[in-house]
Amino acid sequence: MVEEKKRITSDERDTNRLEAFSDGVIAVAITLLVLNIKIPEVPSPDKLLDERHLRDFLLNQWPILFAFVTSFLTIGIMWLNHHRVFKHIKRTDTGLLMLNLLLLLTIVFVPVPTALVAPYIIRFDQHIAAIVYSGTFLLMALCFNTLWRYASYHNRLLDKDADQHAVRAISRQFSFGPLLYLIAFGIAWLNGPASVLFQFLLALFFALPGRPARIDQQA
Amino acid sequence: MVEEKKRITSDERDTNRLEAFSDGVIAVAITLLVLNIKIPEVPSPDKLLDERHLRDFLLNQWPILFAFVTSFLTIGIMWLNHHRVFKHIKRTDTGLLMLNLLLLLTIVFVPVPTALVAPYIIRFDQHIAAIVYSGTFLLMALCFNTLWRYASYHNRLLDKDADQHAVRAISRQFSFGPLLYLIAFGIAWLNGPASVLFQFLLALFFALPGRPARIDQQA
Amino acid sequence: MVEEKKRITSDERDTNRLEAFSDGVIAVAITLLVLNIKIPEVPSPDKLLDERHLRDFLLNQWPILFAFVTSFLTIGIMWLNHHRVFKHIKRTDTGLLMLNLLLLLTIVFVPVPTALVAPYIIRFDQHIAAIVYSGTFLLMALCFNTLWRYASYHNRLLDKDADQHAVRAISRQFSFGPLLYLIAFGIAWLNGPASVLFQFLLALFFALPGRPARIDQQA
Amino acid sequence: MVEEKKRITSDERDTNRLEAFSDGVIAVAITLLVLNIKIPEVPSPDKLLDERHLRDFLLNQWPILFAFVTSFLTIGIMWLNHHRVFKHIKRTDTGLLMLNLLLLLTIVFVPVPTALVAPYIIRFDQHIAAIVYSGTFLLMALCFNTLWRYASYHNRLLDKDADQHAVRAISRQFSFGPLLYLIAFGIAWLNGPASVLFQFLLALFFALPGRPARIDQQA
């Protein structure tokens, strides 16, 4: 009995440290996004842009700001979901640790396609940047889904008292994620800007309270 | 009863992880500010600046150092206030998570206007950089205020035993924040350097112990 | 008795904060790896690469992506092992803190050789970059091994109830690490690309569940 | 009585979150040091440095590596001391939070003088870079000392059961820190390289187990 209790405590400490490390990596990745935003170079104090040119420069930054906000919200919602599933996951094993590491790999990579896609956001004749951008999010959604299915398969790593209703609700909800990002990926091959816009709307949709909130309250 | 206790513990864990993630993001953002500070390029070891030019170079960095300290203190005080309100907030929902994500978005963005405003700090004929700088802090104050009002509205997400006196004191105190940053924003349209100086003085004012400390002790 | 309990709690808090700080440093270092990945410079919106050149540019990035994934997995596995040994280490002293600091020094350094080795990954006539790359990992493995031997020597800093079987299994397993990285280091002097490939396979091998997982379950 | 207990728990949570935030900032700052280390630019794959030039390039990096290790160890030891004093500090107030913020400001700043001083490490005719470098560490030591004196003054913020012997030992030991960095600062005006070497030896001296370890064990 004491043995049992000790093991559970050790397990909880396991998921706690996994969550802490993941939070750290996600926090750094979400903040590094800002390094993509450029400001005018000032080689010397007498070479400042005047009001008009500075305003034009800043207004021309809207594509990178748009990509920044889209990626920030998408990573933020990924953190929220990570947080939500680890309310139920109470044990770890090497498989889970590795799937989580793969998920973090895709999250850490996000600043690269974000910077890549920004200047192509309004180019209807180009697709490659949008394909790489949506492909990264598709991979992220697949890694996250695999992690959840691995952990929840026959309750393998879940809390023994996990609310089966909440677990099934999460499984149902998460099956839509990869599908939606697959659609964004498909759109990118036809129309790059539409794909990025679709992903921005996805981020907004997931961010607005509604169904997910209710599931959250059940959990 | 056991059910009730379990839910409370789960809630506390919720706000704990929200605080840990926020701390991580704020810690990275406050540290990235330093990347704005430039040192002289040394293309090869025999092209070092001599004493006089290095001294002049460093003395000319005062505007970016001034902007760095102002932004560092402002983010630091924002962390302190975040910390203070989460002493009382004991539950989370999707709305709170999203408002917190928006707040983090504005904090993560701060290094950009900080770098932007630095070379314009002593240009009385220019306003745009100071407008963007003060506008970012105004947005940050508005996000923070909305988060607190959302959480404290009818005690929605507060600790059930939250000291109503302390809660009202926080609400009263925080209503001044957006007002002060609105004033800084207004000044920026008239006089850019005066607006930045005003925000530096605001940061100093909030940093010095006094009224806020007393409220803190009540809490 | 109370004194004893208090000391143990204080010790646990010690290793907790050591782990939290290490997690933070490792999380930042693993995320900074992404800064090595370059995207095409876009000096002005009308100088975008067309589809063909962008595709060629991205395809040519495979060496840095390969180095990125190798280093990411290697640091990730180092975190996993750090996490595994600190399940058993329950006390700290200045020696352990310093060995841990040295280990973090080698981990923080990894982005440099990763960026250095990338363009040399397919150059069979060059060795120096691969020597620096494998040398960094060799140092990391040696620091980690020394840390574990220091802590486990006569159970110096281990949990008093540490499972001796698990401790010996870790000691046995970890003695292979430096040896394998020494082999990678040796190969680098003969064949740079083969050394990097060997390290990639090592990372994959450690990442795949199997023996380590079983030891983990015993622990 | 219940009131009293609740307050203490709330206080502990206070210092816990202060420590977590400080750990985060220090972890990011210590890792950003690595961004100062340059690797050869590779404009295109056919413009790689050959073995000889790459070796020469890397060997010429020793000053920045030397500065990197010195700053890394100094910040690492600062973390260790921060960790040590917060074993005894159990309450916070606005004054402590602000002193801690100032301390973090000096730590976050360290990557700048580290990059600045590197190319001047072997220039005996130049002092400014070494003055800025040692001045930053002097400021850091002064902030840290002020923080400790503020917290320990009449046991203001210490654990009520704090071991007075350990507290006095820390006070005694910490009074040397600013003095030693003042000496490094003084040397910088006479001989830049000697000052940097002195600070490297200081870091080594503090890092080696010995007196501090024994004090640690008493605490």
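Chains: A, B, C and D, in written order; residue numbering restarts at 1 for each.
Note that in this section contacts are C-beta pairs under 8 Å (C-beta built on N, C-alpha and C of every residue); 3 or more make two chains touch, one makes a residue touch a chain.
Note that the coordinates shown come from a computational prediction; the quantities given were computed from them, not determined experimentally.
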| item | value |
| --- | --- |
| Classification of the chain A:chain B interface as same or different, half of numbers criterion | different |
| Of all other chains, the one whose Cα centre sits farthest from chain C | B |
| Distance from chain C to chain A - Cα centre to Cα centre, in angstrom | 24 |
| Length of the line joining the C-alpha centres of chain B and chain C, rounded to whole Å | 34 |
| Multi-partner residues of chain C (at least 2 other chains) | 20, 24, 27-28, 32, 35 |
| Residues on chain C engaged by chain A in the complex (per definition of touch) | 19-20, 23-24, 26-28, 30-35, 37, 39-40, 42, 45, 48, 50-51, 54-55, 58, 69, 72-73, 76, 79-80, 83, 87, 207-210, 212-213, 216-217 |
| Chain D - residues contacting chain B, complex | 10, 13-14, 17-18, 20-21, 24-25, 27-29, 32, 35, 60, 93-95, 97-98, 101, 104-105, 108-109, 111-112, 115-116, 119-120, 123, 126-129, 132 |
